[in-house]
Amino acid sequence: MFDPMPWLILSPLIWATLAFVHGPGRGGRLAVACLILQLSLAAILAQQVIAGGVRMYAVGGWGAPLGIDLMADGLSTVMLLLTQTIVLPLAFYARAYFVGHANSLRYFWPLTGYLLAAMNALFLSSDVFNIYVTLELLGLAAVGLVALVGGAGPITAAMRYLLATLLGSSAYLLGVALLYGVYGSVSLVALKPLIAADAPATVSLAAALMLLGLMLKTALFPFHFWLPPAHGGAPAPVSALLSALVIKASFYLILRLWFDLFAPIVSITAAQLLGALGAGAILWGSFLALRQTHLKMLVAYSTVAQVGYLFLLFPLATGMSAEVAESAWQGGVLQVVAHGLAKAAMFAAAGAMITATGRDEISGIAGVATRIPLTLFAFALAGVTIMGLPPSGGFAAKWLLLGAALASEQWWWIVVMVVGGLLSAAYVFKVLRQAFLPVEETASFQLLPRMLEWPILLLALASLVLGLVGIEVLSLLGAA
Amino acid sequence: MSSALVYALTGAALFVLGMAGLILQPHLLRKILAFNIMGSGIFLMLVGVAQRAGTPDPVPQAMVLTGIVVAIAATALALALARQLLDMNGEMRLPEEKTGKDRLDV
Amino acid sequence: MNFNETLPLLVLLSSLLPGLIIFALPDERHGLRSLINMVGSTLQLLLIVYMLRGVMHGEEYIYHFTILPGLDLVFKADALAMLFVPLSAALWFLTTLYAIGYLEGSPHRNRFFGFFSLCVTATIGVAMAGNLFTFFVFYELLTLSTYPLVVHRGTEQAMRAGQVYLTYTLGGGALLLVGIVWLYGLAGQVEFTHGGVLAVLWPEYTSQLRVIFFLLIAGLGVKAALVPLHGWLPLAMVAPAPVSALLHAVAVVKAGVFGIVRVVYDVYGVEFSQSLHLLMPLAVMASVTIIWGSLRALFQDDLKRRLAYSTISQVSYIALGVAIFGPMATVGGVVHLVHQGIMKITLFFCAGNYAETLGVHKISEMDGVGRRMPWTTAAFTVGAFGMIGLPPLAGFISKWYLGLGALEAQMPWVIAILLASSLLNAAYFLPVLYRAWFQPRTEAWPEEQIPMQNGRETAWLLLVPPLATAVATMLVGLFASSTLSPLTWAKMIAAREYLYWMP
Amino acid sequence: MSLSVFLFLPLLLASFVLLPATRHISMLLAPWAALPGLVFALVAPDAYMLDLPWLLLGSRFGLDESGRLFLVFTTLLWLTAGLYARSYLAKDPRQHIFIAFFLATLSGNLGVCLAMDAASFYLTFAVMTFAAYGLVVHEGGAEARRAGKVYLIMAVLGEALLIAGLLLLAGSAQTHFLPEMARATAIAMPSLTYGLLFFGFGIKAGVPLLHMWLPLAHPVAPTPASAVLSGAMIKVGLLGWLRFLPLGEATVLTLGTVMLGLGLFAAFFGIVVGMVQRQPKTLLAYSSISQMGLMTLAVGAGLLLPKAWPLLLPAIGLYALHHGLAKGALFLGVGVTQRFGCNGWVMAGLLLPALALAGAPFTSGALAKTQLKVALTGLPTPWLELLAWTLPLASVGTGLLMARFLLLTSRESKQNDGIGLLPPWFGLLAAVAALAWVQADADTVAAVLSGSGLASAAWPIFVIALISFTAWRREWRGPAIPPGDVLVWLERAAATLRCVSVPYPFRSKRIFTAAPVSISKVCSMEKILCAWPLVGCLWLFVLVALACVLLEY
């Protein structure tokens, strides 16, 4: 039987290298072609997982511990599918966006390719050390992308991002070292029963280190300081990639560790701590998003807030009845997917608006509603998901989370979610409102190519339709 | 005190030292160096772990090797970025840390 | 999937698709856009007529679609839905006609008509929702699709109104969501069923059910403009007249109040609500709203604002009818859903005509407008008399049944409320009529845009819809007891809701 | 269907009158619009009943004895007034508007006589009331507008009271069809219901304190409209009582007493205030209040004395007929004197209804009063004695009022162009003279024509003649009370109230106010949160916290 797993990692590596060699023009075309291929690979993998449960693949025929094992279960397949789905329209978008920026474009495709390879590998890795490597690669590629356009702002942001990510991955690696010291294994599969059997204090320390490292990389409040400048300052396709996917990679790992590896040692108090940080993120991020004057910074702070929703999953799913935990878990994952799609669309739309108007302040986008209604519509649709209004994926996620919170009688999270939802509505409509304002006929306005607008709409629609096909995602997620 | 423990403790000390540097030192070069010290601490720990039960365990060795490669790549990228910052800003620090006491000039 | 299952979807699509197509059209394609609009709304009307016939003969139109485990999107055309759906569809048809005339020559018309169609889709979705979840989906969709219409003019005032509108409605939506999720947690999938479904939860969840009821009503009350949640409605009057006419008079407020109807009758069950002592507070709230809205209306000089406050007051009749325990009041409340809709839309159409034709926005500018625009003013008069509750107009029928229901439920104080409201209605409508018909005109019109042409007071497209609804106002009142009237339909609904205790 | 013909014909004509294309022909037809109704009233079978289940709440129209009587004199008055109006308004450029309202009012008035269920009664009542507003304000001018305003306010108040009363009644009777509705409720109805109905109809009937609109509205309307307002429409209030109160079924002590007392009071109140009026039409309006007081009194007696109702009902009917026709003739006569001038024939014509109202021998008034007096004999003690001397006194008062009226009209100016007004007026006079004799029962006729009857009717006339002659000789003018009496105080009070500024609560506030300083302070926190050392320390802190939490497990 054909196994798509290694190809999902190899394909981006290959096209990234080729794109580096051949330059952006042919590289871009190649990337698009390969991305279509990857999407189908991910789809095949999803089918296989649904049909046959968890799949393992030993790279080069070498098994653990010396060789590298690849593993695909429901969660990782969902993430893989999400990644390819988001990157493909973004590739089209990027091709249109970078017209006339040959300099930036030169490294865009290779870096994106490596980023994608790292990410796919991360989702498929089945041991904690491999995960460290992919994590580090991911971080480096992402930093490269942030620094893509050059200039003081982006470089500073990239530097800050790099330091943060290095600190995070170092902490993670220390955790890995401690784990190995205790159990002599790094395989997720092998470690799980060992931890369940006996967990000395060192393991708790390792867990704290690994989780904290990943939280730093996920930009959970109050460690979000690096995110807004990095995501807000990068070119729009890069921001979209970073906000939609890169932080999700580290969150995916937190999920993995929390519910898989460290499930025996996590406690309700710890979950409440994470939830509290998440709540802080929701409120603080939304509040700051509301106060921003620049469009992309607003969207970036919105990411800070939305990351908070993801962390609400922990108090809702930890130590609760199986049903509640299931609901919360599904809600959390759906939120990851919905936010990924919506945030990609949102950043892309913001980029399109900025391109069209030539200004990056929110006050500059007046008249967008009449000039590029399609983009604004896409932004609004993505906003619907971010606000968690029906029938979007964000709503389905919020529904499940709310349901879990009510069932477990943790009303304080309900308050946070509701208030956060209202705040997010406030900042989304802050933009929409401005877009509806009339503008003088004389204001310069650049017409947008069609390929800059349609991928955004596609992404936004996907985030919306997710609410209607949520059950499919959940069935894939549940495939064990 | 077993040698593994010595390695572990030393490694931990180095890690904490490095972390403190990374967090507290405003100068970028120092931060990068501090990161490397952190990395060294971890590697030391892994190497210590590798000699469990008298027989050498190849897995941690492989991990350390991989780690070093990753650390070098990261250091290179960090240095490149730091250089660019120096070219643009005239100093090697992040804008929010302008008030640092540290006066190391390159 | 057989035809009966797809029919509700087709009804939704018949307004959704025109909307989407219109978005894609360039702004200049006026003819094509109008054609698509009219074809869509005609098609929808035909489908609904077909469904009405079916429902009358006991057909069931249910469509199920599972979104998440235990979370279905359900469209169901039951009797109550089929009261609201034809109303929205018919008024959409008229309002589209009107809007084509009203917006002639103004910019961004494809945006307007696109969102307009979306709004109608949302309203019809609200009407046909078969469970609370589906209801909520379309309820929020309604909020979102109305916002662009409120801010359509793009003025600072419109923006502010839009902001307030959103603040209220999204806040309400959040409360509603919490209530619904909570209810789902307690009772699982809450499908709308005659007689309610929650009685099984009694008695161990009584207090929780009370809190949920409060949450639901607070959430729905925002759109239904129950005092003190009504602040958005008068501000939202900055929208173009067709929007005020269809949406704020009919779709949005009705969606809220329709939700209240659903919650009380088909979720909690009216008997169960009564046994939880939930109806009395609702009745008091509705009564306060009725009086407060009328009082505020008295002091408005802006015609549309006065109408808005009047809407606040009138819509609460429906809530009042729901909150009074007894089939008669149910008939009164439910039938007012239709009656208030056609009466109020007439008034808003007329207000729009005055503004568009003569530039008259204020009541103090209306002197002698009846001589200049007799047909419009005649329609306005019919609407206003209907609001006051004079026979044979629609409003009388509703009030009559509400009053009887109040007596049946041993709540004679409601009669006093109805009485006071009628008097206040007269107090704020009759001066308008007096000015329009009997005051002589002394100065020029503020801004005469459509001159008098061979005896025609304004454009045809502006004149036909208000006349049609005015005639409808008379007909539904005059022939209230005939088999096809809303009243008969409402009686059928009441009979089903009270099936369990009616002898 | 004959019913629809004469109920809807006027409405249809009204709309045709408004349309320029059909105006001419329908204006020709308009005066005859009441004719089908009259014919119907005369030829309709006994106990005529028509159910229209699809109309309104399910409607029933029918014609019982009192309905037929009311319909006869109502249509007669409307017919006369219509013909009169054709000539009276010949020079009015806006006559088509008047005619339209006139016809709409007519259809309402006809409908009221026939409606046999609460909803259609209320419907036709409302049509009549609101269409009549157009008649009241037709002349324009400040006075008409004031009258119109008062009329409208009172009318709306009446409608509101009425609907509440009808609702309560229908609610407890479980039906809104008429004979059953009034009958079934004889048991234990709260007096609130009857109070509401009494006052609701009382506004139309000019019950004291609710009468303010009457002396304003009746005079300012064009004369034909005044005639129908005061002759026919004022009786609709009475008809409402007859229809909805449990007359002949139960004793309603409180309301009966109140009605008796108020009626008696109204009888004198109208006379006294009417005496000091300067305008003949205003005086006539007050006279109507006074006369309606007598009818109110009779209805009150019916409530106290269910057994006497079979006697009382025809008496009240006769009185209504007599007063309606006579008052109509008087109003039309005022118009005649204004337009045509008052020669001897005209004065003689005016004298006939005036004498009738005063109850002179051989007039309809004598018949009506006699029959009423007979019917009232069963009353309990205090009332009977009271009425025994007050009713003749009221007759004397009415006579004096009429004398003053004749005096006032004779001063009217002349224009000599109202020749067309005469035929309908004379027709009506003939009806005044004749119709009551047809209607009155044989005993009454005999009593009136007997010697004692003639004598008892004649002596007040002599007293009146004496007093009025004396007053005329002394040129007594009396004090002046402005038309509307108490209304003047009310208006003053309202004006004072208006000066008090209305509180304007709940001014819509801005939801998002401009950023206060505190918010920007909060925002600067974000800058602090961006500092490496702080974030690092926070990170370490959380790390330690998490580790501790996990360790604790």
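To keep things simple, chains are lettered A, B, C and D as they appear, and every chain counts its residues starting from 1.
Everything that follows uses one rule, which is that a residue touches a chain if its C-beta (ideal position, glycine included) is under 8 Å from a C-beta of that chain, and two chains touch if they have at least 3 such contacts.
Because the structure is predicted, anything quoted here is derived from the model rather than measured.
Student: By label order, what chains touch subunit C and subunit D together?
Tutor: A
Student: Of the pairs A-D and A-B, which shows more C-beta pairs in contact?
Tutor: Of A-D and A-B, it is A-B that has more C-beta pairs in contact.
Student: Compute the distance, rounded to whole Å, between the mean C-alpha positions of subunit B and subunit C.
Tutor: 67
Student: How many angstrom lie between the CA centroids of subunit A and subunit D, rounded to a whole number?
Tutor: Those two chain centres are 78 Å apart.
Student: So the centre of each chain is just the mean of its C-alpha atoms; given that, what is the distance between subunit A and subunit B in Å?
Tutor: Inter-chain centre distance comes to 27 Å.
Student: CA centre of subunit A versus CA centre of subunit C: separation in Å?
Tutor: Measuring from centre to centre gives 42 Å for this pair.
Student: Using the touch definition from the top, which residues of subunit D touch two or more other chains?
Tutor: 530-532, 535-536, 539
Student: Show the residues in subunit C shared as contacts by 2 or more other chains, in ascending order.
Tutor: In subunit C, residues 163, 167 touch at least two other chains, as defined above.
Student: Listing for subunit A: what residues touch at least two other chains?
Tutor: Each of 163, 167 in subunit A touches at least two other chains.
Student: Across the complex, what residues on subunit D touch subunit B?
Tutor: Residues 527, 530-533, 535-537, 539-540.
Student: Which residues of subunit A touch subunit D in the complex?
Tutor: The touching residues are 163, 167, 171, 201, 204-205, 207-209, 211-212, 215-216, 222-225, 262, 265-267, 269-270, 273, 277, 284, 287-288, 291.
Student: For the complex, give me every residue of subunit A touching subunit C.
Tutor: It is residues 330, 369-370, 373, 377, 380, 384, 387, 389-391, 395-396, 398-400, 402-403, 406-407, 414, 418, 421-422, 425-426, 429, 432-433, 436-438, 467-471, 474 of subunit A that touch subunit C.
Student: Name, in rising order, each residue of subunit D that touches subunit C in their complex.
Tutor: Interface residues on subunit D, with respect to subunit C: 53-59, 119-120, 122-123, 126, 130, 137, 145, 148-149, 152, 156-157, 159-161, 163-164, 167-168, 170-172, 192, 502, 504, 506, 508, 510-512.
Student: Going by the contact rule set out above, which residues of subunit B touch subunit D in the complex?
Tutor: My answer: residues 19, 22-24, 26, 94, 96-97.
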